[in-house]
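Both complexes below contain subunit A, partnered by subunit B and then by subunit C.
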Partner chain A sequence: MTKNTLGGKGRIVGGALLILLFLSPLFLPRFYIYLVSIILLTGLLATSLNLPLGYGGIFQFHHAVFYGVGAYGAALMITKSGLSPWFGFVVGPLTAAFLSLIMGLICIRLSKLYFGMLQISLGSLVWIIAYRWYSFTGGDNGLHGIPVPNAISSPNGAYYFTLLVTLLSLWTLHKIIDSPFGSALQGIRDNPVRSAMIGINVKLHQLVVLVIAGFFAGVAGSLFIVVDTAVFPDMLFWTLSLEVLIMCLLGGWFTFLGPMLGAAIIISMRTFVSGFTDYWTLPLGILMMLVIFFLPNGILGYIEEKLHRNLIEQTIKES
Partner chain B sequence: MDLIYAIFSPTLMSQIFVGLSRTVILFIVASGLSLILGVLRIPNIWHGSLYMVGAFMTFTISGAFGGGSVGFWIALILAPLGVALVSLIAERSFFQHLYEREHLMLLLLTFAFSLVFGDLVKMVWGMQYKSVPVPQIFQGSVHLFGGLPFPLYNVFLLAIGPIVAVALWLIVNKTKIGKISRAAAVDREMVGAVGINVSWVFAFVFMIGCLLAGLGGALVAPTVNVSLGMDHTLIMEAFLIVIIGGLGNIWGALLGALIFGLAQSLGILIWPQFGIVFPYAAVIIVLLLRPTGLLKSTW
Partner chain C sequence: MLDVKSLSKSFGGFAAVNGANLEVEKGEIVAVIGPNGAGKTTLFNLITGVLKPENGKVLFKGEDITGLPSYEVCRRGISRSFQVVNVFQRLSIFENVQISILSRERRTWNLFTPSAKLAVEETIGILESVGLMGKKDRTTGLISHGDRKVLEIAMALGGDPELLILDEPTAGMAPEETSRCIELIKDLSGKRGLTILFCEHDMEIVFGIANRIMVMVRGGTIIQGSCDEVRSNQAVQEAYLGGSDAC
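Up next is the complex of A and B:
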C-alpha cells in the first residue's frame, strides 16, 4: 500500500532495503543478526494482526495466543513425534489456524469490544493450560533446546530462513489485501450494514480473515523456534498481544508496512533501553501515550497523509 | 448419616469458605471494573495496577503507623482514598480527552498506564515481597464443621463483601449522582442537554471504580505476599467475571465472582494440578450458553 502511494521512490528504497537485508550477515555481528531475525518475525506477527485489526476492523485483542500456539505446535511436533522436524513447521501454523477457527466461531457472534474481551478470556484458558501442563508443555519453564533441522540451525541459516519465510508471508498477505476479498473486507470495516446489503457474507469474511491471521501468527511463532530454539508460556500471555497492538498503532495500522516498522522501532528500543536500565515498561508506556495523543494514525499513516496533502496542493497550483 | 458427612465433609466446607472469601476480593475489584465499563465504556486494564498499588500502599501506611492493628485500619481507609486520588488526576489529565475516540484507543491508554505503573511500583517499593500483618483482633482462627481451622480474617472478609455490595447498590440506585451516572451510561448527550456536567459525573464514576480496586488491594494485603505481578492475573480474572456477569451489571459481577471463586477453590480439591483451569472452563461454559453474560448488560 505504501509502495503504491510513494511510487517510484518507494520502490527504490524498498529494493535497497531488501538487498541490505540479504547481505547483512556479511557485515553485521552475530547479535544483530539475531536481533534482525526477531524483528522480522515479530513484524510478521504484527502484520498478520493488522489484517483483521486495521483492514477488517475486528477487535483482535488476543493475537499472541495464535503466535504462542503456533510455536508450541511446532515445538511439540519436533520434540515428541519423531517425524521429520520440517513437519513441525507445517503443523505449528495449521494448529494456530485451527484454534483461530474455533475461537472465531465462538467469538464472531459478538461485536467490537465484546468480541475482543471474549477472545481474551478464551485465550487465557489456552495460556493457563500451557502454563500448568508440566508433563506436556514444560509448564512455566517452557521447552528449551528444540532440535531444528541442520540446514537452518546456524545463526545465518536461521536468519535466511526467517527472512525468506517472512518475505513470502508478507507478499501473500499483500496479495490477500489487494484481492477482491480484501476490498470486501475493507468495505465491511467501513460500513458493515451496507456491505451486507450488497450481498457480502459479513460473518464469513470475518471468520476467514481471522483464520488467515491466525495462520500467519502461527508462522511467526514457528520462526521463533528456529531463531531461539525455545518456547515459553509468556509467548501467549495477553500483555504480549497488547504490545503487538502498540506496534501496529505506532507504525500505522491503516498501512501495510506500518506494523513491521512499529515492530522494528519497539524491539530496537527495548534492546537499547535494557542496555542500561531495568525499567522497560515505563518508557514503552510513555511512548504509547505519546502515540495515542499525537500520532493516532501512526508514523507511516502520518507520512502518507502528508504526501497526499502535498500532492493535492501541487495539483491545485498547477491548475 | 455417612452420606451427609461425605457430602458436607469438613475439607469441602472449609474449601467452600476459602472460595467465598476469595469471591469477596474478586467481587470488590470486578464491581469497580464493571462500573467503569458500564458508564464510561472503558475496558480499564489499569485497574489491576491500582489493585496492586492499593496493596503496596497498605503496606507502607500500616508500617508508618507502627505496623500494628491501628496501622492496618488507618491503611484500610487511606490506601483506597490514595488510589482514588491518583485515578482522579489521571482521568482529568488524560482519559477525559479521549472519550470521543475509539474504544481501542482508550483500552490502549489504560494499558499504557498499567505499563507505566508497573515500573513505578518497582521503583518505589522494589522487587522484594512485602507482607502486611493481620490485625490483632482477627488473628487466629475459628473451628468450623468437624474442627478444620478457618482464619478469622477470612470471616471478616465474608462480612465485608455484602456491606460493599449493598453500599454500591445504594449509591448507584438511591443517590442522585448514581441516577445521573446511570442515565449518562444510556445517553450521554441527553444528560448534558438537561444541564448536567457529564464530564465530572464520568470523573466521579471513574474515581469510585478505582477506589474499589484500591480497597480490594488493601483487603487482600494481609492474606497474600504483596508483590509485583499481582496485577496481571487479577485483572484477567476481573475481566472474565465482568464478562460472564454482563457488562456493567453490579449483581452480575457478584454472580461472576461467586462462580469464579468457588470454581477455583473446589477445582483445587478435585484436581490439584489443574485446579486453576476450572474457573476458566466455567467461564467458557457460561459464555457458550449465554454469550452476553448471565445478567442483563447495561450496553
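Up next is the complex of A and C:
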C-alpha cells in the first residue's frame, strides 16, 4: 500500500507543483519565499521522521534532537573552525547521524513506548547542554548571524538551495523505501517476530534506519541555517518533536508525501491563524481531532485509499 | 538432522517444556502431538530461537544452535510457520514471500535498487506451487484465514529451508482448504525432499502423513516412535483418553 497509487494524474499534479515551486520567486513576495523554504525543510524533517515511524514502526518520539544537533553542528563548524562554510553543511548531518547511532545503541534494546520514553530522556539531556553551555552554544540565545556562502545568502539563493537539497533528499529517501531494505523495514514494522524468523536481523536494521533518519534530520537542520542564519535551543526541545510527529499523523504516516503535506498545513496555520489569535493551537487541536476520528490514516492516506478503491472498482467493472 | 536433548523452559514457575527430547532424520515427516498446553508451540519456539531455553541442547546437522537468535537459526536452514497467523499485514501476498527470499539472499542491505524487480521469478514459482498466484497482489490483511495459513508456508519456503517446521498448519481451515494443505505438505516432502516437523490436533492428518510421531504431555516427551508404536502405547492412551494426565 506504500506504492504510489496515484498513477498518471498524480504525476501531472506533482509536475505542476514542481514547476510552481521553481517559478515561485518570480511572483511571490519575499516573506512567502521564506515561508515556503521553512515548509520545505520542516517537511524534510517530518519525512525523515516518518522513515522510522511510519515505515519502521519505531516510536521515534524525540526526532527534533537530531534536527537541532545537525543545525548546531553545522553552525559551530562554520563559526568556530574558520573552514569553508560548505564544510559545515557536511559536518552538521554527520554529527546528527553519529548522535543517532549513539542514542540508537542505547535505546534499541527497548521496544515500542519504552524506546520512545528513553529517547525523550536522552534527547532532553542533549537539549540542556545546548541550553546551558553559554560559552560554546550561546545558551538560550543560540547563535545568530551565521555566515552563509555568498552563492546562497540571498533570499532566492537560500530558497533554491533549500528546494534542491530537499528534493534530492526526498528522492533518496524514496529510493530507500522502495529498496529491499525498505521492504525489510516494513516487514519489521508489521511483525518483528516473523521478520527475525525469515532471517532478518531486526535490531541491526532498526539501528541503521535510525542513523539514516538522524542524518536527514541533520540535513534539514543545516538548511535552517541557510534560510534563517541562526540556531537556538528550541530547535531541539521536545515540543518541536511533538509538532513534527503531528505533521506525520495529520498528512498520513503510511504515505510518502503525507508528512510534507502535514508540515505545509501546520506551518501555514501557525503563520496565518496566529495573526488573528494567540490561541492558534486551538483550531489545530480541533483539526487533529477530526483527522483522528474520520481519517485515521491521515489526509493523504485517505486520498490514496479512495483512489485505490476506485481503481479496484473500475477493474472489476471492466472485467 | 535435528536433535533436541532434554530441553526445558518455564514461565514463572510453570514448566511449559520440561525435558523434551526429539530426533528428526533427513527426509522424514515427524509429528508432535499432545493435549492442549502440552508445550508443543513452546518447543518450536525454543528450537527456532523465539525463546531461549533454560536447560538442554538443540543440535542441527551436528551443530549446536541452542539459544541462537531467530535470524541465525533461519540462516542455518530452518524455516517455520506459526500457529497464530503471523504475516506482514500491510504488504501484498507477493511482497510477503519476496521479502523472505530477499532476506535469504542477504539483499536487505541493498538501499537503492527498487525491490519490485528483484527475486520475481522465484517468488512467482513459490506462489504457483502453493496455489496463491491468482491473489498475489492482495493485501494480506484482507485475505481469508485459510489463504493466510498457506501464505505462512509460502513465506517459510522463501527461506529455501532444509527443515520446515509447521505449527498446526491446518488449524481453523475449511475442510477443502485442509485437504489442499495436506496435499501441499505431501508434495513438499515428496517432490522437494524437505524434512518436515509439524504439530497438529487432527489425528487423521497426523497418522495420514507422519513417518514418526513424538508425544508430549506436560512439557515432557513420553514416547517417540512409528505410528503403530504410538497408537498402542499405554501412556499415550491415558493422556488422550482420560488417565491420570487427562487434559
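Operating definition for what follows: the second predicted complex is superposed on the first by the 316 of 319 C-alpha atoms of A that agree within 3 Å, B and C clash if a C-alpha of one lies under 4 Å from a C-alpha of the other, contacts with A are read in each partner's own complex, and residues count from 1 in each chain.
What we mean here is this: a residue touches a chain if its C-beta (ideal position, glycine included) is under 8 Å from a C-beta of that chain, and two chains touch if they have at least 3 such contacts.
Here the structure is a predicted model, which is why all the values come from computation and not from measurement.
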With the two structures laid over each other on chain A, which partner does A:I292 touch: subunit B (first), subunit C (second), both, or neither? first
Of the partners subunit B and subunit C, which touch A:D178 in the superposed model: first, second, both, neither? second
For A:S121, decide between first (touching subunit B), second (touching subunit C), both and neither. first
Would you sort A:L28 into first (subunit B), second (subunit C), both or neither based on which partner it touches? neither
Is A:L307 contacted by the first partner subunit B, the second partner subunit C, both or neither? neither
Considering only the touch criterion stated at the top, classify A:L249 as touching first (subunit B), second (subunit C), both, or neither. first
Subunit B versus subunit C, judged by how many residues of subunit A each one touches: B
Jot down the residues of subunit A that show up as touching in both complexes, subunit B in one and subunit C in the other. none
Per the touch rule above, subunit B residues touching subunit A in the complex are 41, 43, 45, 94, 97-98, 101, 103-105, 107-109, 111-116, 118-120, 122-123, 232, 236, 239-240, 243, 247, 273-274, 276-277, 280-281, 283-284, 287-288, 291-292, 299
Listed in rising order, subunit A residues that touch subunit B in their complex are 59, 61, 106, 109-110, 112-114, 116-118, 120-122, 124-125, 128-129, 132-134, 237-239, 242, 245-246, 249, 278-282, 284-286, 288-289, 292-293, 296
Can you check the complex and tell me which residues of subunit C touch subunit A? 48-50, 69-71, 74-75, 79-80, 82, 86-91, 95-96, 98-100, 102-104, 107-116, 118, 139, 155-156, 158-159
So in the complex, the part of subunit A that touches subunit C is made up of which residues? 1-2, 175-176, 178-184, 186-187, 189-191, 193-202, 205, 254
